[in-house]
Amino acid sequence: MAKVLMKGNEAIGAAAIQAGCKYFFGYPITPQNELPEYMSKELPKNDGVFVQAESEVAAINMVYGAAGCGVRVMTSSSSPGIALKQEGITYIAGAELPCVIVNIVRGGPGLGGIQPAQSDYFQSTRGGGNGDYKLLVLAPANLQEMVDMVQEAFDMADYYRNPVMVVGDGMIGQMMEPIEFRTPVKRELPSKEGWATTGTKGNRKPHIINSLFLDPQGLEDHNIRLQKKYKTMKENEARYEAYNMENAEIVLAAYGTTSRICKNAIDKLKEEGINIGLIRPQTLWPFPEKAFQEIPETVKAALTVEMSEGQMIDDVRLALNGKIPTEFYGRSGGMIPTPDAIIDKIKEMLGGLK
Amino acid sequence: MAKVLMKGNEAIGAAAIQAGCKYFFGYPITPQNELPEYMSKELPKNDGVFVQAESEVAAINMVYGAAGCGVRVMTSSSSPGIALKQEGITYIAGAELPCVIVNIVRGGPGLGGIQPAQSDYFQSTRGGGNGDYKLLVLAPANLQEMVDMVQEAFDMADYYRNPVMVVGDGMIGQMMEPIEFRTPVKRELPSKEGWATTGTKGNRKPHIINSLFLDPQGLEDHNIRLQKKYKTMKENEARYEAYNMENAEIVLAAYGTTSRICKNAIDKLKEEGINIGLIRPQTLWPFPEKAFQEIPETVKAALTVEMSEGQMIDDVRLALNGKIPTEFYGRSGGMIPTPDAIIDKIKEMLGGLK
Amino acid sequence: MAKVTFKEDICKGCQLCTTACPKNIIVMATDRINVKGYHPATVLEMEKCIGCANCALICPDCVITVER
Amino acid sequence: MAKVTFKEDICKGCQLCTTACPKNIIVMATDRINVKGYHPATVLEMEKCIGCANCALICPDCVITVER
Amino acid sequence: MLNEKVICAGFGGQGVMSMGQLLTYAGMVEDKQVSWLPSYGPEMRGGTANCNVIVADSLIGSPIINDDATCAIVMNLPSLDKFEVDVAPKGKILINSSLIEKKAKRDDITAYYIPANEIALELGNARVANMVMLGAYIELSKAVKIESLHKALQKVFGGSKAHLIAVNEEALARGAEFVR
Amino acid sequence: MLNEKVICAGFGGQGVMSMGQLLTYAGMVEDKQVSWLPSYGPEMRGGTANCNVIVADSLIGSPIINDDATCAIVMNLPSLDKFEVDVAPKGKILINSSLIEKKAKRDDITAYYIPANEIALELGNARVANMVMLGAYIELSKAVKIESLHKALQKVFGGSKAHLIAVNEEALARGAEFVR
Amino acid sequence: MAIVFEKTKGLTDKETHYCPGCTHGIIHRLVAEVLEELDVLGNAIGVAPVGCSVLAYDYFNVDMHEASHGRAPAVATGIKRAMPNNVVFTYQGDGDLASIGTAEIVHVAHRGEKITTIFVNNAIYGMTGGQMAPTTLIGQKATTCQDGRSKAHSGMPLRVSEMLATIDGAAFVERVSVHNPVEIRKAKKAIKKAFECQIKGEGFSIVEVLSTCPTNWGIAPTESLKWLEANMIPYYPLGNFRTPEEA
Amino acid sequence: MAIVFEKTKGLTDKETHYCPGCTHGIIHRLVAEVLEELDVLGNAIGVAPVGCSVLAYDYFNVDMHEASHGRAPAVATGIKRAMPNNVVFTYQGDGDLASIGTAEIVHVAHRGEKITTIFVNNAIYGMTGGQMAPTTLIGQKATTCQDGRSKAHSGMPLRVSEMLATIDGAAFVERVSVHNPVEIRKAKKAIKKAFECQIKGEGFSIVEVLSTCPTNWGIAPTESLKWLEANMIPYYPLGNFRTPEEA
């Protein structure tokens, strides 16, 4: 297919429809509004349905309902809206339903601001809902990757019967880049017939979509089952990009749009003869721990760069487990790190290393 | 004062009233119902007001309103109810308002069950709301500690202008133990006059309670200010109990009711001549990192015991930073670890160490 | 002629059926306790039953079958 | 006799006042642009003004003061 | 070193919760370490209720009694079936023989059969069967002094319920007597 | 190695967003690496809008232009004031002299003064001032071929707006001519 | 002899966990009978609430979802929009529907979602142990208003049917009771009409059923029926508030 | 000459960020004038919503809270219960109040909270760029219903005042408009009555004000006033739905 130039938010919608998403339930919030708007226009043309829910709480519960029927369904929001969805998300995870949730992150806490941020890393990877559940969390750095990931997200969700979250920010949502819609690598997807609620038609037992287990042993068994699934995800789905790792003295850790700024910094430093590497997690959960465990000997320190006050750094440190020191550089509230500021921080660290 | 025998949930209410809490906004949910019920009966007698909100979302926003007026206010819930409060909590943290939030944790994910659990550790310490905010999180292990902590929580909240969360579980909420109401160590509390909304009386500028900063630089500045405050909290408020650490071969990490089971296991092992220590975080955030950084040389490994599938273990590992290996033992869904199972796990680890 | 049958073992002894019978023929069998620990409802003078099914209509636990 | 005054610099040029004046004496000053970049509202024949304050009532931006 | 771990169990209306609370209270009166932990939630809708009471000289770890109860007081059959296994070897089980015909299975624990309901009826108040059992338990274990239980009763039956104190004390005494 | 970083800025209605998009589109037509990043949110309510366009031969890192713009195209005064500092040394600034009387302050960049609105009015359509500026930029930078811009125009003005293509092409040409 | 009454196929064999004499059981049966009579058991998808009827998914012999507290209407919206040819219903208590789920019930009505709601109003939170509901009557005691609900503190009880009847998309709104066989028969008729309304695509339909909670009212089951009649019906008048013909 | 009209002290000096001709500005002024006239500026605590009026805290010359989207009534409840002698009001848009905040507005009415709500109904989500609101009219275009709202898909627009008027605790409910000076005067009277109702402790009071959004309607400001009159008023009739005398 030919390349097209699209705005990020609309590209998400287009990718979802390509992936067979037929249902979208959402509620407006900046900076992701073009996505529901696109869906409201395009889904009906594609035999689908868009409903503007009365709230984010209602939206995520509509997703829960539709997902339980076995259809491909999606919702999107931005930070405070995702906060409101936490109860619904833990229900969906608990009931093991597939769906795709997009968070176009903005600055917090509270109402905060609407400029790009990455301060919902914990919200996405640790869960703000109750209980021991996990989402698959994808973090594209450019629009091509985003449409690829959104498409694959639906397959992943179905494959694992698990909600998948795609995390972007206002930059990703608002920018335009050329994209090509391609078919994701096909997975063998399990049939939904064994659990989806479509009416018994009188010839099978009722299907029940549920996260309640009053018997503690039953609930623990359920949790153990879930953990087993999460373990499989951890083994199979952790992804990252390694950039300029050969002979790197310091490794940067950054995801999403921040990783692109880091690349600018790395390229500039390379011109000065300084070798800095980058590990860019493409999945925030499962976190690509191996990438950090296998860093070359040349690397003497790590620097995590985030548009937050420091969240992913926990996972970087957990993965490194004390192997090398880890520092942090971040901007927050919608402020965006500049390559030069990152370079300064790197040089300061290099100074300290010598 | 003489000791009284009280149910945990009621004792929380009594402690809050002792601490000058006059307002309670809540919504029923098992296993914390005795707390709002107690408040509905006792607050009016103490010149206070209890309102049963229409939902947890409304309750936390009522708290936001009352806290902005400078009064002492509280809410409580259990896991899924706390999930619903995440947006409100990040607003309160963002607007820097003091209040006390109680979570009597139950098994998850989703609706889960109602038996004791500790699977909201992430929800409490990492935040399920958006943005880079922190709560002070207190985790009492017995009722005396709980009433002490609840009382102090109000002072801490006022001192830092920050929401304080007290985390318990169904065991803590439902059990009875003798308690004594004592006056917490007094802090110099800042006056609320400079920010509380009480009406301008025509002789000052309006006060504004707010978490919106449309200008990214303004929002970043706000975040930097918050981080500074969090750093102070980290320095001053991390607390823990160390138990039997001398000559310990393994250190257990456990909080709340689980720590008590660990003590039983430790005492039993001591009779067998095996020395096992325990670090019991009393504050989950700030996490008592120092306690782990300063473990004696004799300790060869750590074992985190939780009523979850493994959450606090992240903080234990972050604090240890690779110093010694860390293993995990947990039960979930309302199942409670037994001393014997912990002992088995410890012996298995001791075997591996030899 | 009509007949009502009680699945005694699932009766919860709530007595709602007794309030609904126009013939007042339903009583609680105080001589026995079912597996749930309740005195189950029963009809003593079955011949008076008119098969109106009121008892079955009000029984929250589907204990009663009515024939006519 | 009545008088209206416009704080021209805060006028957003929305023209709502022009629809409200019973005397139709408010016009947009197309000859000038205020700091906001709008043609501000103004009154040309002030003597016709009856001081009804309709213009001030409808102005969303408190541009107008009316005296009588 | 006192370290009594008692499971009290029975039907909802049999007063097993308050039996446990009274014991806990009495322990507190003596400045012992005590804890009381009820079962809660829907398992109670099934009709059975139980609580764990610990009375000890030294600090109590977990308020949960796993399989190390020093005594189980069972007021009905399901409770016997459920909790017999949780008594530690050499421990006691007190069985309300008015309602439980079955005998204890284990021979490494001592079983006592107390016709609590009958004794209570003799006292003219069917609801004090729980106190009969508690009286028996105290007599056997000496966990607390009988006077402490009396004090606890004063506290619990304050005000409008004061007239119930006498019959409760009587029931405690009769229970004690029965196993003496 | 082409690595053009262009800031387009002006009032809301001046078509600065579509000017940027057209350039981006043309870059894509030539299979170059491109990105377009708009400002968004309430800053737009203030009346100014801007976008960052990058057209490059090799992979684009961040779509943000910090202080390394190769060119700034400013359509109104606030934009000149705001973005002059962001042009890299030796870069260009294209100033819509129809609306901006002020001159560029810096002397390490080259300023071009283009009476875009007047030229547009000459063409009978005030709204193509943006294309005049874009034409000038392309002439100066050779970032993309003019034919690619024409192709882009075809795409953007499909269907009902096709009649606008001619005047837009004309405007591009006049802009180019002006700085040639 | 022919069978005049036996348990409907719309219910599973599972015994309910409801307290003795709790009228939830009657209401379950009526819904199940209606589904059977309309021959839509194989086509129905139900949504259970959080409340005493949280386990309704075990009792109705149809596909079921267990919704989060108050959100059953949103869940049902998701289901119905995905499966427009299925018959979709929610079963909700007064805490669930009239308190935490207010926005969701108002907006299914507002959008005219083609679903049916069975609203069980027992004037109390049964499941959690008898707290005040928005529908708790003035003077009625509950664990969060132990001296009885007061108007000054908590306002007058909320009349949900009257409120929803102002919304155009609510095609069918009726309040019924199950405190005696006559009313039970009427209740069933209303429930049937409500489902028919959905099947005909006329909009949202809701039946508010006054129900007892002997346990938390602290009143014996048979007395509870009387209490309902004497206290609830005067404040919550039975009757139809909207039918499709009218609209 | 005496001043017949000048800017009220109830507003700060700050210029608003509202688009030219947006009637939010008029409504702000009316509220501020009423507060001044009732001499409660020093005693008032306002709650701003999330919506175009999110920055209302910068404009009203009184203590203010900025609430989360839709929750202003709950925030106001917290304030009023803590400060019963203060005059407490919320200022909310139709997305805020009639969509996400439905439960909160219904329940302040239900509890009869002694607060006043100014409900600005402009039939659209202004702040976020013109999405459909529950109050968007049939056929009206919005970014999430680009072919115009359809009844079949989204139901008929929600009439909030009519709905709230069924609730006992809502002591004062009136719908007004600000599309011309006559209506503006009436609007102010209603707002004044609403606050008086609060001050007298009669219950919850709300004034729904029909308002324009020239930007997202895509209609010039003066034309917007006409569009409001021609399209909104027929569906949203002006008038009083409840007054304390009546109750």
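Think of it as A, B, C, D, E, F, G and H in the order they're written, each chain with its own count starting at 1.
In the analysis below, a contact is a pair of C-beta atoms (placed from the backbone, for glycine too) under 8 Å apart; a residue touches a chain by one contact, two chains touch by 3 or more.
Because the structure is predicted, anything quoted here is derived from the model rather than measured.
Each step here moves to a touching chain, and the least such steps from chain C to chain F number 3. Set side by side, the interfaces D-H and A-H show unequal numbers of C-beta pairs in contact, with more at D-H. Using CA-based centroids throughout, the chain positioned farthest away from chain A is C.
Each chain gets a centre from the mean of its Cα atoms; the one farthest from the centre of chain G is F. Between chain B and chain C, the centres computed from C-alpha atoms are 53 Å apart.
Put simply, the C-alpha centre of chain C and that of chain H have 58 angstrom between them. Computed centre separation for the pair chain C/chain G is 26 angstrom, with centres defined by C-alpha atoms. Contact with two or more other chains is made by residues 30, 54-55, 57, 80, 87, 91, 95, 110-111, 114-115, 210-212, 214 of chain A.
Taken residue by residue, chain F touches two or more other chains at 41-42, whereas all remaining positions touch fewer. Counting partner chains per residue, chain C has no residue touching two or more of them.
Across the interface of their complex, chain H is touched by residues 27-30, 33, 36-37, 40-41, 50, 52, 54-56, 80, 110-111 of chain A.
Chain H meets chain G in the complex at residues 99-103, 106-107, 109-112, 134, 151, 154-156, 158-159, 162-163, 165-169, 203. Considering their complex, residues 22-23, 25, 49, 51, 53-55, 57-59, 61-69, 71, 73, 87-88, 91, 95, 197-203, 206-212 of chain B touch chain H.
Residues 50, 54, 66, 68-70, 95, 99-100, 102, 125, 127-129, 131-132, 134, 143-146, 154 of chain H are the ones that touch chain A when the two sit in their complex. Chain H meets chain D in the complex at residues 1-7, 11, 15-16, 18-26, 29, 178, 180-181, 184-185, 214, 220-222, 225.
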